[in-house]
């Protein structure tokens, strides 16, 4: 089956970890992931500035590794990201902000990317803050 | 046409579980994860709601890691615990997934 | 055939960005002329309350976005009747044309769509 | 020794208002703001709880901008609306402020 | 004389950072030897549940932080009895020594402190 | 009276705006603000990278202006900020992150600053997400 995974909760929210474990299990089960889409507070998961205490799981890094290792199409909603201060080089320049902080592997794009993925997948599965 | 509903908020603090149970049909499924598994605590109001739903032929599942983390005992016979592979299977088996985010 | 999506909006209009960001999903889909519907459930029904004055909270008028839905091909706002009743909202004096859904039909309604996004 | 409790979550979605009302004493105050003012809607369960608390001599306030934004009508006689200056005054008048964040 | 603070922790231990960040306030105050107390209310009482296995969720053991409280001068954990009962937790098999507070005494208890922080 | 204002909710949360209006009203009423302390999700309010749509209030900027205009002691909890990717120059260097994004006027410091302020004030008022 083809899955789209949408994540809405903050990086340290239980739902964000659950979304990652679900995505890993989907691949392990022989399924395909069309796209991962970060929206609402989840855009922070794509921030390269997150610093986790050494004895805690670094959810930003874990997602980044998953996306890289499996060549996942990984999109961050641009409108949600701007409001929450997650900027790529282009947006940082456009709005004259101190520095880009979007982690490698993620791309800023519009909500249309969520709909496009929904058109291509069999199941859209959304994960929230809890 | 069946729906898998996924609820993860505490039933004591939040209205999601109650709202979900009211629209659950016999052919739908309910997966409890996160703090929503606290609804399984014996002798509580949310547990009574779930018992009632199960008696009315609703299929209720729970994510095993959340049960384990909370050391939940006295689990009902009608409950089916699933791991992530099982969660993925349920997502395929039901025709859509509604995450109560 | 295009896959359909139901957006379920469960948050009050003044809870931060939740209601707005749910509506943005619907509007974005409408812009692509996708088959899409909006269901207001639980606190989401407060979005319909008449006479709102968002300017007292320095907020933009979400109501205007709701009114824009038909321009994006979303002709009706679906609303759970029991959510309205429980919250003391008068069905006859809402600010928008709506289609009421009875509690017993909510599960069937959701099952009409290929995808569901609840916010 | 008096406490001003400030509640701002929706009483339909969240347990804060109910939890707060149960520990409110006659000498304490309750300030409703944000979505908590929806508890004032006529004919609802949260309103009945507030009516009961008011009848038991609890002092209940609401932030006026939140009443205005929601065009709330049929407000009870026992309710005292305050602006931000009033909110600050209440914070001084009561001996501590407990924000139910 | 130092001003006292009551930290009221209302969130379950697995809800993200809320319970941990409430406890951090208490521990930070304890480190300064300030008069400080912790009250578990509503879902906060789940922090006391015995036999928790945080490793199944790749989480750190919050329970260890609770046990550390006496080292920071916070001798007792105060707990709302009705919150425990409502959630089906057995008072006799909790993982920590606690002091129960009856519902009718909660308001008076809170009023003993100069400041209150609820998380 | 002397107030300490603690803010816990995200920049766009109603509670964050209410905290600002309360703080302004406190000063207007002749009171003193000992310190503003950002904790939990509120640390994002001190991010210099937030970009608000032009027709919306920019809460980060509004707080920043309030802090500057009134010379408010404005502290952001460092542990909460690291986890959420709000870094000053020192922390960005220490953890080798792309760039500092703490807005001018705010200082990263420990939770002890909340307790110190609580010792100096008559009222500690906390604002959350709602």
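Residue numbering begins at 1 within each chain, and the chains themselves are lettered A, B, C, D, E and F in the order written.
One rule holds for everything that comes next: a contact is a pair of C-beta atoms (placed from the backbone, for glycine too) under 8 Å apart; a residue touches a chain by one contact, two chains touch by 3 or more.
Worth saying up front: this structure is predicted, and the values here are computed from it rather than measured.
Engineer: Touching both chain B and chain E, which chains are there?
Structural biologist: Both-contact set = A, D.
Engineer: For the copies chain A and chain F, give the interface type as same if over half of its residue numbers appear on both sides, and as different if under half do.
Structural biologist: Both copies touch with mostly the same residues.
Engineer: Between chain A and chain F, what is the separation of their C-alpha centroids in Å?
Structural biologist: The answer is 27 Å.
Engineer: Starting from the mean Cα coordinates of chain E and chain F, work out the distance between those two points in Å.
Structural biologist: The computed centroid separation for chain E versus chain F comes out at 26 Å.
Engineer: Counting only residues that touch at least 2 other chains, which ones in chain A make the list?
Structural biologist: Only 8-10, 12, 14, 79, 83, 123-124, 126, 129-130 qualify.
Engineer: Do you know which chain E residues sit against two or more other chains?
Structural biologist: 10, 14-15, 17, 42, 57, 114-116, 118-119
Engineer: If I count partner chains per residue in chain D, which residues reach a count of at least 2?
Structural biologist: 10, 12-13, 15, 34-35, 96-97, 99-101
Engineer: Could you please write down every pair of chains that are in touch?
Structural biologist: Pairs of chains that touch one another: A-B, A-C, A-E, A-F, B-C, B-D, B-E, C-D, C-F, D-E, D-F, E-F.
Engineer: Could you pull out which chain A residues touch chain F in their complex?
Structural biologist: Residues 10-12, 41, 44, 47-53, 60, 79, 82-87, 91-92, 95, 97-101.
Engineer: Which residues of chain A touch chain C in their complex?
Structural biologist: 6, 8, 39-40, 79-80, 83, 110-112, 114-116, 118-119, 123-124, 126
Engineer: In the complex, go through chain E and note every residue touching chain D.
Structural biologist: Chain E reaches chain D through residues 8, 10, 41-42, 82, 103, 106-108, 110-116, 118-119.
Engineer: Where on chain B is chain E touching in the complex?
Structural biologist: Residue positions touching the partner: 10, 12-13, 34-35, 38, 41-45, 47, 65-66, 68-71.
Engineer: Using the touch rule from the top, collect the residues of chain F that touch chain D in their complex.
Structural biologist: Spelled out, the residues of chain F in touch with chain D are 1, 3, 8-9, 14-15, 18, 21-22, 24-26, 28-29, 31, 122-130.
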